[in-house]
Every structure is written in C-alpha cells, then in structure tokens.
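Both complexes below contain chain A, partnered by chain B and then by chain C.
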Partner chain A sequence: MSAIEILLVDDEIEFAETLAERLRLRSFKVTVVSRADEALTVLDAGLRPDVVLLDIKMPGLNGLDALGEIKLRDPDAEAIFLTGHSVASSSIEGMKRGAFDYLMKPIDIAELISKIEQAAEKRKEKSGGADGQSV
Partner chain B sequence: MKLLSRIRGFTMSDEPGGSLNRRQGYAYLQRLFVAAAFIAVVLPLVVITLLGFFQYRSLFERDTSDKLRLDTQSAKQSFEFHIQETLSTMDVVAQGYSYGELFDQSKLDTLFIRLRNEYWWVVDLGTLDSSGVQRAYVGPYLFQGINYSDQEWFQNAYSRKTYVSDIFTGYRGVPHFVVTVTSGAPGTDRYWMLRASIDSEHLSNYITTINTDDSIDMFLVGVDGTMRTQSRNHGKIGDVYSVDLSTAGNNIALGQRDEQGSPVIVASTKLEGMPWILVLERRGYVYGDTWNQFQMQFIAIVVACALLALYIMFRVTRAMVSMIKRADERRDEMLAEAQHTAKLASVGQLAAGVAHEINNPLAIINEKIGLIRDLTEYSEDFPQRDRFLVLTDGAASAVKRCKDITHRLLGFARRMEVEKEKLHINDVIREVVSFVEKEALYRDIKLDLVLDDTLPRIESDRGHLQQIFLNILNNALDAVEKNGTVTIATMAKKPRTVRTIITDTGPGIPQNVIKHIFEPFFTTKIKNEASGTGLGLSITYGIVKKLCGHISVESSPGEGAKFIIDFPIECDLEE
Partner chain C sequence: MSSPDKNLCQEQIAFQGRIVAGATHEFQNHLAVIKEYSGLINDLLNGKQADGKRVIKRCSEITANINERANRAAVLADALNRFAHRGDAAVSAFRINDAVKDLIVLLQRFASQHNIALEAKYGRRLAEVINNPSLLQYLVFLLTAPLIESLGEGGKVTLSTSAGKDKSPEIEIKAEGTTSSLADTGPAPEIFKECLNQLVGNLSLDTAKKKIRKYTLSISSLAETRQIR
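So, the complex of A and B:
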C-alpha cells in the first residue's frame, strides 16, 4: 500500500512544519504550504493529495472558502479542518461544505492519524466508484 | 403645590454625598405622602366640619335671637301697657273732677283711694298748679305746698299731656319716679297737673313678674347707661351697664361671651314715653343642652374620623412606600443581574480571546514535544533515553492540562450548536442522576428526587441540560459531607416556566463568594483537585442563558446551598 499523501495548509509555519515532520516519521507523505492560494497553486500543478489538512483562519483566502476552491479542482478531495478558533460553527460550516471532519488544536496525533486514515479510505472508495462509473 | 413639586422632584441617592440615603429617603417620602394625603383629606374634613359647626351655631343663635326678640317685644308691650294704664286711669279719673275739686284735699283723698284700689304701687298723689306748687297732696310725706317749679321732672312734664320721669330720690330721699297727667293750657288759671309717685322698687318687682324665663336677665337701663333696676349679672341700681346702648332701638346684639365662654345674646328696646331702655340678656342658647350635646358628639365624630383617616393614610402610604421600595429593590436586582451578565459576557469574550491566542502557541509546543517524543521513540537507544521519554510525557501532560483549560474557556464563551427538541426536564434529571448515583452511594450521600411529573415539556437541548445539571450536581456532591443530602426538585412556575431547585446540606456559600460564583476561574476548591478549574459554573451559567434560562444561588454559611434554575417552556434556540 502506497503512503497516504497529505497537503497541510496552515499559516502557523512552526506548527505545520513540526506536525508534518511527525507525520512523515509515520510514513505519511506531506506537503506543507502556509496560505490557501499556495495550496490551490500546488493543486493546479497536478498534486492530488489523499487528505487536505486545513486551518480555518488564515490570511487571504480562509479555510472554508479554500475548501470550495479545492473541491472545484478535485471533487473527491477529503479535507480535515484543524482549528484553534473558538467559533465551532465555522467547523460545522466546514462540515456542511463537504469537509470530512474537524479537530481542535492542540491536536492528539493518534486521533489525527485515525481521522486521516478514515478520510483517505473514503477518498479511495469515492475514487474507485468514480472510476467505476467512468468505465 | 410646593408639596406636589417636592413629591415629583423626589430623588434618592446611595452616594455618601447624596441628598438622602435610601432609608431616610423612604421615610421622607412617606412623610410627604402623609402630608399630601392629610392636606387632601383631613383639611377639607376640618373645613367642612367648621362650616357645619358655625352654620349649626348660627341656627341656634338665630333661633335664640328670634325667641329673645319675641320675649323683648312681649315684655316691652307689657311694661308700656302697665305704665300707660296707670296714666290713662289717672287721666280718666281726673277728668271726672272739676278744676276746684282736684285741688280739694278731701276729693283728692277719695281719688287716691280709688286709684290705690287698682294700682296699689302708687305711693302718693298730688295736684300742682301752673306755678309748680303742690296745692293738694295725699301720701305718707308732708309735701303739700312744695313748689316743684325748679325740678327737672316738673319742667319736662309741664307742657306734656302725660309724662313719666326718670328715677330720682327728690325730697323724700327714696328712689322713685313720677307719672303726671296735665290739663288746661300751661300758664293759665285752668292748668293743673296730677302727679303720682311710684317707688323704683316696683319696677324691679314688675320685671320679676313678667320675666318667666330663668335664663333671661331682664332689667332697665337709663339713657345715661346706668342701671335702673337690679340685674343678676350687672349689679345694682346706679351701676354702669357695660354694654353700649347708645344706638338702642329695637336691637339684638350677638357675638358676646361671658367669663365662662358661654354665648351672651342681648336684646334691648327703648320703652315708649319712658326714659328707660328695656334690656333682656340671655346666656346660652334656647336649646343649650342639645347644643352642648351636639358639640360633644360632633367633636368626637370629627376627631374619630380624622384619626381614622390619619391611620388609613399612614397605612396606605406605608404600603405605597413599601411597594416603591420593593420596586426599587427589584430594579436594583435586575440592574445588578444585567451588570453581572454583561460582566460575564465581557469576561467570556476576553477568556475566549486569550484561549484562542494561547491555543496556537500551545499547539506548536504540543507538536514540538510530540516530535521530540517521536524522535526519541524512533531513535536507537541512547543514554538517558527513558528520562527523555518521562520528561516529554510530563511536558505533554502539562500541555494537555493547558488544552483542557483553553477548551473549557472556549466552551464558556463560544456559541455552541444546539439540537432543539421538546423534552421532559424530569427525564434529563433522572439520566444525570444515574451518572452520579454510584458516587453518591459510595460516599453515603442521599439523593432525593422530588419531581413534579405533571410538568409540561420544554423546548431545549438535552445535552446542554445534562451538562448543566451534571455540573451543579457534581458541585453539590463535592460540598456535602458523608450522610448529607442532595435534593433535586422540579415544579411549575408562572408564567410558563419550569423550575428546578437543587439543594444540598453542605456548609453553604458566603455572600462574598455568591457574588463571584459564576465568574470564570473563580473556585473555592483546593488547587490540586482535578475539577477545580473554576470554569464549571461559569460554563453552566453560559449554557443556561443560551437555553433562555435563569440561574441563581441562595445560601448562607452553615445552611447549605440552593441552586434555582428556571427554563421557559418555549425558547427561541439558535441551532
């Protein structure tokens, strides 16, 4: 089984880089960007991550709007919001817009990995279904 | 008007420099109300009373005056008739004699005897010629031949058909008066004057005879203002009469008072053809006893009414002031609660902001510690490796504690999503009790449920309600010692509200703690207790408010604590 590929979008670089390193230690393939528009650029360049980890509150395009753009480019994309924000309704809104789940910072790595694996599995199922339909 | 403006402009102040403090202010307000009510009620009562009193007294006076006037007229007629009759008889009898016979002593004796038969009070009788000499005389004195031409009475009577003199002592040295009848032209040989003397004592006796009313003092006063007869109240003959009768005609004088304060009504009338004024003086009213009785009853009724009015005014104004006081207190409580809510809201916002700002660096620390631990775990063994793991676990544990705090802080402030449903609050309470009953059993704490099963369902969120009751129950269980009791009661409360009261038999909460009990981080628990973050009740407060409810605490040290939570049946919850 190939490594799960993750796109981590968070303006807290220290956090994002450290989390990415921890995930890499666990054999995940992680790409880190600090802004939503950078994430779109990466996607436009052809990257198709299994799971997108998205901060909600970011400079420029916020996480909720970024999810919409990501879904435009990759309808099967599964996103998990990582938020330190107090307004849980934002996370609920994210769920409504098609996010897989959300986690409150500081996160528990085991819980995150569990969610990532579930999201990746879901994407895999969806991609397989889509392939089936296209045939 | 000044009083009304005072009431309108009435203000109180709690400030030390304020015009009036609360207690003084309410007492002052009550005095103002009583004064206003007094002016509005008692004053008109007094005015009406006085009007009635004086009106009634005026009626009595008028009645008495009318009666006295009638008595006076009657006495005047009687008196005048009495004297005039004497004069007429003298005249008629004298006319029966010739000029010469009238000066004849024996004829005059006969005439005197005839006269005395009818008018026994005539003392003597004399016949005078035009020169004033008494040529014939019958009586107890030796007055025959005396010339009266220099006497005032003679001069006054000389040219008059009839005359009644004033009282004088004359030659005999005894107070008396004369009545005269004349005939013939003055200064001629055919002129004569028949004179009769009457003792003044007869006037007093006659007045006594005609005065049948003991309450009336009847007497004669001369034109010079001195007494002509004895008076009960004004002394003997010759004394000066105190009342001015210079204008006396047919007059009634009112408004005087005697030494005892009784009303004195004086009626006076000039006697026709006589130099006297007849005076009738009445002390007290005709129906004096009725008047006195009426006065007493009237005063008693008015005083009783005034006292009753004052008592009612006092009670009513006290009740009014008490209502105002309670309204003020309620306003103060609502104001304090609003301030408290605003304070909590702002503290909540601050807490949320702080928590959020802390959360991000905390997330970095968490990841760094996690990475250190990962690296240690993924690395080969090296010196102090185990110690490294212990240290990172300790740091991770501290981060988790911080995370719990920040998440609770965020929970306190954030708008949590709710799932609205219609539910029975008793069901929620029973569920929550099932969570804690084992702990209660283990600690020998009695859990009493007094639930009203007829309560209507309320619109609320089951999860949040559970959190509220769990928080309060946990606090109650923490407060209660072994063998203590925690009671949960539900009841209906108007309007359309369901009330839950959770009471414990713990040590109670001091007033200074109650004021801060819903503030974040306020705790009375020992620091190293796991649940002593001081956020439980502040979160509870926030959730209760979110569910349209109201929570309050009542407690006194040593008497346990009582948490009262009210929820309306309908609530516009934000889902």
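So, the complex of A and C:
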C-alpha cells in the first residue's frame, strides 16, 4: 500500500510544519498550506489527498466554508478538523457539513494517526478500490 | 444602577468575555505548538536517524523555538492578567501607554485573523492619569474592532498615544486601507455616550483623507469626581 497522502491546512504555520515533520517521520506524505484558498489552488492543480486536515478559524475563507469548496472539487475528500476552539459547536457544524471527524488542539498524535487511517480507509472504499483506484 | 449604567455594564462583561475567549484560544495555539515540538524531539531521539549530529542540531533549533513560544505565551498571560486587574477599582492611577499596550497584545490575534496589521505608537513622557482604565480599554476596543472588521486584507490600524491640549491624554485610532461600510453590530449610541461621560472624554472622527479613517479620543487625566457617585 502506498503512503497515505495528507493535505494540512492551518494558518498557525509553526504548528502545521512541526506536525507535518512528525507525520513524515511516520511515512505519511504531507503537503502544508497556511490558507484555505491555497488548499483550493493545490486541489485545482490536481492534488488528490487521501485526507485533508483542516483548521477551522483561518484568515480569509474559514475551514467550514473551505470544506464545501473542497467537496465540490473532490466529492470523496475526507476531512478532519483540527481546532483550538474549546466550544464544540464549530466542530459539530463541521461534522454536519460532511467532515470525517474533529480533534481539539493540542492534539494526541496517536489519536490523529488512528483517525487519519480510518478516514483514508473510508475514502478508499468510496473510491471503490485499493489506493483510491477505480475498479 | 441606572439603565445606561446597566447596559454599559452588560456590554463590558461581553467585551471581557470576548477578550478572554480570544486569549485562551491563543494559549491553546501556543500549547499545541509546544506539544508538537516536544513530540518531535521525542520522535527524533527515539527514531532510527543515522545522522546523530543532524538530530542534535534539529533538537537545538526546536528548543529555541519552544523557548520563543513560551515567551510569547508569557507576554499574553501578563497582558491578560493586567487586563483582569484593571477592573479592580472603578478609578485608578494608570499610564495610557500601558493600557494601550495590553490591548494591542490581546487584540493581535483578532487582527491577524482579518489579515490586518495592528500597531501602536507610544507618546513619550505621558503622565499618569486617574480615570477608569477598564472602561477606556473597552471604548478603544469599541472603536478599533469595527475598523479591523471592515478593512480589506492588508490594511493597517494604528493606535497612537499623545498628550493633547491642556496635557490631557489622547489616543488616535487610525485605519488605513480599503474599507467597506462599518458593520452596524456595535452597541447603541448611548453606550458610547455613557463611556465618554464616565471617562470625561471627547471623541472626534476624521474621514477627510481617502482610505483613512481616524478617531481621536481624549479623556480627562483626573476623572474621579465624575466616577464616584
């Protein structure tokens, strides 16, 4: 099985880059962007990540609205929200809009990896075959 | 408590809640970053990296970053602590520059969320004033927040302090950039009026220059006679 590909979208760039480094040490393939519009640009350029990790509160397009735009480009996309909000309402709203799950920051890496693997598996099933290939 | 006083009190509580929510969100961010750095050090030390020197170099960089993050969190904690204590007494002696500095720290994330630069210019040798610092911070917030929200990305808001005529302190709040119309979500005009009344202050708005909106707020340096009822 090829490495799970992740698109990490978070305006807290130090957090995103450090988390990406940790995920890469665990053999995930990670692309980091700091704004939702940059995420849409890389998707428009053809990137099809297995999982999108998405901050909710960002300058410009917020994570909740970004999820809708991502789903328009890639209906099978699976997103996990990473949020610093202690109030769960935004995260619940994210679930209503089709997110796979959400995690509160600071995150637990083992829990995140478990959710990433579950989300990637779900995407694979939706796409209808191994490694996201149609059969 | 009279009705304008009661409304003002409720608005101030809401403002304080907003500041606390913003600051604690920022603490979560600092902690999240520190936790990831700590996890990364652990990953590197327990990993199968062949190049020990590289690991040491990277760990050294990470510890410097942790130190910097902890310092930023400490600055925020200090500002939040002083902000909370400003309300200990209705009237107290304080420096305008200190009240503005704390507000700048506490509003920094709010500004960066809108991609707005929030800066301050501090006047020199401003005397201590006796007034209501908590109410002053609230009024400055009331004037500043809608400017941040209505400015287009890349705009700038500058808070400048100075001594005005008769040496009473002044705060100029200047927004530069493309503005949409100010959102009409702020408190009622009587709240502004009550703030100015209690601070023994004056407020003027200058929109003469295109793409610049400027408030000038002056308050009394000795407002205790109006404050104590």
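Quick note on the criterion: the second predicted complex is superposed on the first by the 128 of 135 C-alpha atoms of A that agree within 3 Å, B and C clash if a C-alpha of one lies under 4 Å from a C-alpha of the other, contacts with A are read in each partner's own complex, and residues count from 1 in each chain.
One rule holds in what follows: contacts are C-beta pairs under 8 Å (C-beta built on N, C-alpha and C of every residue); 3 or more make two chains touch, one makes a residue touch a chain.
Only a predicted model underlies this, so the values are computations on that prediction, with no experimental measurement involved.
Engineer: For A:T18, using the defined touch cut-off, is the partner it touches chain B, chain C, both, or neither? Pick first, second, both or neither.
Structural biologist: Touch partners of A:T18: chain B and chain C.
Engineer: What is the contact status of A:P106 with respect to chain B (first) and chain C (second): first, second, both, or neither?
Structural biologist: Both chain B and chain C are touched by A:P106.
Engineer: Is A:G60 touching the first partner chain B, the second partner chain C, both, or neither of them?
Structural biologist: A:G60 sits against chain C, while chain B stays out of touch.
Engineer: For A:G98 in the superposed arrangement: first (chain B), second (chain C), both or neither?
Structural biologist: A:G98 contacts neither chain B nor chain C.
Engineer: Do chain B and chain C touch any of the same residues on chain A, and if so, which?
Structural biologist: Comparing the two interfaces on chain A, one with chain B and one with chain C, the shared residues are 12, 14-15, 18-19, 21-22, 25, 84-86, 105-107, 109.
Engineer: Inside the complex, what are the residues of chain A that reach chain B?
Structural biologist: 12, 14-15, 18-19, 21-22, 25-26, 84-89, 92, 104-107, 109
Engineer: Help me check something: in the complex, which residues belonging to chain C touch chain A?
Structural biologist: Within the complex, chain C touches chain A at residues 24-25, 28-29, 31-37, 39-40, 43-44, 47, 65, 69, 112-115, 153.
Engineer: List the residues on chain A that touch chain C in their complex, please.
Structural biologist: My answer: residues 12, 14-15, 18-19, 21-22, 25, 57-60, 84-86, 105-107, 109.
Engineer: Show which residues of chain B lie in contact with chain A when the two form their complex.
Structural biologist: So the residues of chain B touching chain A come out as 352, 355-356, 359-360, 362-368, 370-371, 374-375, 378, 399, 403, 407, 410, 413-417.
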